[in-house]
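One chain, chain A, links the two complexes that follow: it is found with chain B in the first and with chain C in the second.
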Partner chain A sequence: MTDLSAIPAAAASKPAIAPAKEPFSRRMMPWLLLAPVFAVMAFAFVAPLLVFLEYSFWRFEYGKLIEDFTFDTYVEFLTDPYFHTIVYDTLKMALITTLCSVAVGYPLAYALWRITRPGLQKWFGLIIFSPILVSVVVRSYGWTVLLADQGPVNWFLQVVLHLPEPVRLVFNLTGVVISLTHVFLPFVVFPIYSTMTRLDPTLREAAMDLGAGWWTTFRRVTFPLTLPGLLAGAPISFTPARGAFVTPQLLGGGRVLVLPLQVFQATTDINWPLAAVGGIALLVLAMITVAVSNRLLRYSEV
Partner chain B sequence: MGNMPSDVEFTNVSKVFGTFLAVDDISFSVPKGSFFSLLGPSGCGKTTTLRMTSGFEWPDAGTVRIAGQDMHNVAAYSRPTNMVFQRWALFPHMTVAQNVAFGLEVDRRPREEIRRRVAEALELVDLLSFADRKPRQLSGGQMQRVALARALVKQPKVLLLDEPLGALDLKLRMQMQLELKRIQREVGTTFMYVTHDQGEAMTMSDQIAVMNKGKIEQLDTPQAIYDRPASRFVASFIGNTNLIPVEVVGTPGPTARVRLGGLEFSAATGTAPKGGKGTVSLRYERIRIGADAASRDTRTRALVKDVIFSGSAILYVVALEGSDVELTVEAPHDGTSAPIAKGSAVDIGWDGGATTLFADD
Partner chain C sequence: MTGRLPHYRYLLLGAFAVAGVIFVISPLAIVVLNSFSSVAYNVFPPEGYSVRWYENLAQQSAFYLAAVRSVLLALSATVVSLVIGTLAAYSIVRYRPRWSDLIKGFLLSPIVLPNIVLGVAVFMFFIRTGLYGTYFSLVVTHVVVVLPLVIAVLTAALANYDWTLQEAAMDLGAGPIRTFLRVTMPQISISMIISGVFAFITSFDQVETTLFLVRPGANTLPIEMFLYLQKWQDPTIAALSTVLIVFAFLIVSVLSLAMRNRGLPLAVLRQDKEKSE
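Take a look at the complex of A and B:
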């Protein structure tokens, strides 16, 4: 390594050779391919975002919009405990959903990985993937039926486990979390599963060979090495959960007020400034999520 | 060898994968403290045999004993064996020291003892100064030595090595062969080594089991296997040999008279040929060429068809006079004499002990 420093000096004494440039058409190719995406992004994402940003500085008074430049809506959003509760509930819903997805998803991914029969594995994968195939409205009503006070889950709890009263499972946070976990599960399972399949199988054999049983092998080798998959999957659940609208609307029964619902309410009141600030808050939360998960991912990688 | 203490003993062991018979009724025993190699081409069952020793595979018939104990129902993690894997299988998220300590931590050894033994093991493989590195910061040769230290630190009865040098380049491989042999002598542990590289097996082993199609074709010392191959397969797999189709004259005993074109000579009988035809194995370097051929038991004239210079030796491809049989001859290159020119006619010859007769497959 030490004599590497001598090489640039030797190279410098020779006439400088500039690296050959790729032909123009080839250099333009990637940009050409990206152009449609850029166009769509500019039209459908950046432009509305700028419009929303403008709205957020307007004023809403007595049911009327006033073009202005004021931070009043921001101040209101940041100081009013009503909005604090909404942000808190949003984060709580997203966090619990993510934890549940990971808690259910990791063992599921592990099982999928350990199934050695390819046919069985295919069916298993399809079952995990199935929530995505069902429309969000249908799925939500399905859960309403299942989790209702007279539904099969409560029947089981009361008749088999002899609970004295039905447990409230819908029209509150519990129902929303159950349904969201159900739909985000595949997004959590597949990143974890893919890190597992990329894991060198001889590492587990090496651990066992060195005297580790199943649990020690899992705890000290498999889990730390699949943690990046888990940390990649978690924000995939957290970010859409934070922005979920239909599920909290249908399964929350009006008791779960999260940011997307607040934004929707504001738009129906034509309170555009408040809707804009709520939307920007959602965006900021998403950015924080991405930043935090990237940081965690970097620590977890070997 | 029946009453010698053996560390590994296979008795009539078979293993099937689906319908493929990977290991076919093999029996052998590895003497304590020896360097034992399983040698054969890929798919011959050598790795399966090793994995049955380590406990990663279970025999479908027969018994495996390690240090006198039946390993039936003993899981991999409870066996007194440790393995050096083909691609070393170091834990990428742990440092060198953590890798080596892993096995001792699992055994819940006292911290002070772990520290001491890890240091000793790293010392043995000359990697003490690399203790805090991660595997990805190491070269192939260094990773190989970490894998060795990680296995040896547990003081196994038997160390299993699954082609550990396969991924290294040639120079490093030669160096590691001598290093492995030194370490084996130093620690005195029984080494069970799997390889497809006959040179590697020759260099290091006390004993070699040559495997083919799930069976052990020959189990002996490297020299005995080289000099007296028990089968046509062993003769062709170990070293470089000419396999010459011959006619057998008369009934073969310990030696047989064979005829090759107009040439008649004696060969030791390896496996008894059937129906008057057989194959004679004649090693490249046992054939003499030029003036050196004069005093040999069998002599003939031949035409040099090709000359290949390979550094320490010169290979001649020669065609025998009176038959269209081609032989390859390896002559040492002493740096003084010029090689025999292509197209010239030469004398070649060999002694009776140089040839072995086998039945045709």
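Take a look at the complex of A and C:
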């Protein structure tokens, strides 16, 4: 196949003048096709990030930006306990969200896998997948209504379970985590489900035939073999959860201060150096996540 | 195995599945229910039903204009990213240029970048270059956001494409452009539609990247809703959300119809499986 593809188009139609070497225009073809994408990426991705990096070395004094080359903002960010709390809260929010979405997503993927009726399976899959199509703003709004003190969840808790007073579920970390779990659930379910469908059914049958019960089969065969899907799904939830902005803003009620909100706040305050340093901290966290999840995936495949 | 009577653990799993469906559906269902409420505050069970929030919504021209702006912006970003993304994916898969893995990694890297960081960075960049507030700045930013999605889907589709078909067309005398349009593109059209739909939805829902870029009074729909929600919590936003949910439902219906006619999701899964094996 590679041999065939090496034959230039001109040579195929006019074999008499087939050149011995690929012409220059043909060698340039792949780069020509990539040029528009590179132009867009250079203009709206690389250049803005460089400008962003540059602002992180500037100073912000008396409400003004001062062009400089200083590490002051970095030092401030790394030494001030206020920012430590923000980073800690960001990681805590992302971690709890990830654990929740995996804890909910794994059994749902398992259920999706075990449903044998194809029609039911299709509908179940569509329902789990459908929230992706609805704006995060709409979903976050839905959760503020659902979890409010006079909302349906508290109505249920009070009328059915007879709790004496409403449980505070919204405008705190609980509400943010519940809503974020809802947002990332589909992204976690599908990688897990796809590793389950690749699982060789004879392995489970062999385990059952050899006398293993349902729980032993799950613990010793199904779970270890679907672990890569789980480990692939976890960062899919962790990465965007750490960068989530809309949900903490709408459901946090000002009490959940995470890095994306700090970046937003600093930008509106024209303290761009601080916004840039906060953004770089987010980026560093992102890179650590990618490195750790790659390492975990490699271990789980061995 | 499957013919056995429902065991307690199947009942348990079924109960969990039902609970999962309720969890997934409930925030959308409550929005629809709330939009027919007769009072301005959120209370459950609703005190009465009315369509006054839909009447109120109908009078808010800001939302119409924002919706039109969002659709146009998402359409532009989708078309641009599909065209340049297809060219790039074709180049990476077909020609395997030097460092092709590196190039692909670079093109996919915006996924890892938190959107709020990209939004603030492009804002600072466009302020400095004097492009702030232009339509161009919005489109190009949204293209960067949706491009990784398009490239990921299309490189996977092209990797599974039978390239001998293309060679056959070329051997039979079709030019490269005609070959692409008549032979290659029909083969990857499903992936192009999927990535196009996702690109549209992603661009349409952008808040973080758009928030700083839009001029005051020229907001996109999600920004308009986001800002409205920070000020008021009345069910007008529920009425608007219901309209959006209906649209999403229509998209799902059309997609599932398309799936039924073309065996779509299974085909994608199968390709994926073959690739990994």
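Rule of thumb we're sticking to: the second predicted complex is superposed on the first by the 264 of 302 C-alpha atoms of A that agree within 3 Å, B and C clash if a C-alpha of one lies under 4 Å from a C-alpha of the other, contacts with A are read in each partner's own complex, and residues count from 1 in each chain.
As a convention for this text, a contact is a pair of C-beta atoms (placed from the backbone, for glycine too) under 8 Å apart; a residue touches a chain by one contact, two chains touch by 3 or more.
Everything numeric in this text was worked out from a predicted model, so none of it was measured.
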- Message: Please determine, from the superposition on chain A, whether chain B and chain C clash or fit.
- Response: fit
- Message: Between chain B and chain C, whom does A:Ser135 touch in the aligned arrangement: first, second, both, or neither?
- Response: second
- Task: Using the superposition on chain A described above, determine whether A:Val292 touches chain B (first), chain C (second), both, or neither.
- Result: neither
- Could you look at A:Ile127 and tell me whether it touches chain B, chain C, both or neither (first, second, both, neither)? second
- Message: Is A:Leu157 touching anything from chain B or chain C once the two structures are fitted on A? First, second, both or neither.
- Response: neither
- Task: Between chain B and chain C, pick out the one touching the greater number of residues of chain A.
- Result: C
- Query: With the two structures laid over each other on chain A, which partner does A:Arg242 touch: chain B (first), chain C (second), both, or neither?
  - Reply: second
- Query: When the two structures are overlaid on chain A, which partner does A:Leu65 contact: first (chain B), second (chain C), both, or neither?
  - Reply: neither
- Is A:Leu95 contacted by the first partner chain B, the second partner chain C, both or neither? neither
- Message: Per the contact definition in the header, classify A:Leu203: touching chain B only (first), chain C only (second), both, or neither.
- Response: first
- Query: By how many Å are the closest C-alpha atoms of chain B and chain C apart after the superposition?
  - Reply: 6
- Query: Both chain B and chain C touch chain A; at which residues?
  - Reply: 205
- Any idea which chain C residues touch chain A in the complex? 1-2, 9-10, 13-14, 16-17, 20-21, 23-28, 30-31, 34, 41-45, 83-85, 87-88, 90-92, 94-95, 97, 103, 106-107, 109-118, 120-126, 128, 140-141, 143-144, 147, 151, 163-164, 167, 170-171, 173, 175-176, 201, 204-205, 207-208, 211-212, 222, 225-226, 229-230, 233, 237-238, 241, 244-245, 248-249, 251-252, 256, 269, 272-273, 276
- Quick one: which bits of chain A touch chain C in the complex? Just the residue numbers, please. 1, 4-5, 9, 12-13, 29-31, 33-34, 36-37, 40-41, 43-45, 47-49, 51-52, 55, 104, 107-108, 110-112, 114-116, 122, 124, 126-128, 130-139, 141-146, 148, 150-152, 154-155, 179, 182, 185, 194, 197-198, 205, 214, 239-240, 242-243, 245-246, 249-250, 260, 263-264, 267, 272, 275-276, 279, 282-283, 286-287, 290
- Note on the structure: Contacts from chain A onto chain B in the complex sit at residues 200, 202-203, 205-213, 216, 220-221, 224-225, 302
- Note on the structure: chain B residues touching chain A in their complex are 54, 56, 75-78, 81-83, 85-87, 89-93, 102-103, 106-107, 134, 136, 150-151, 154
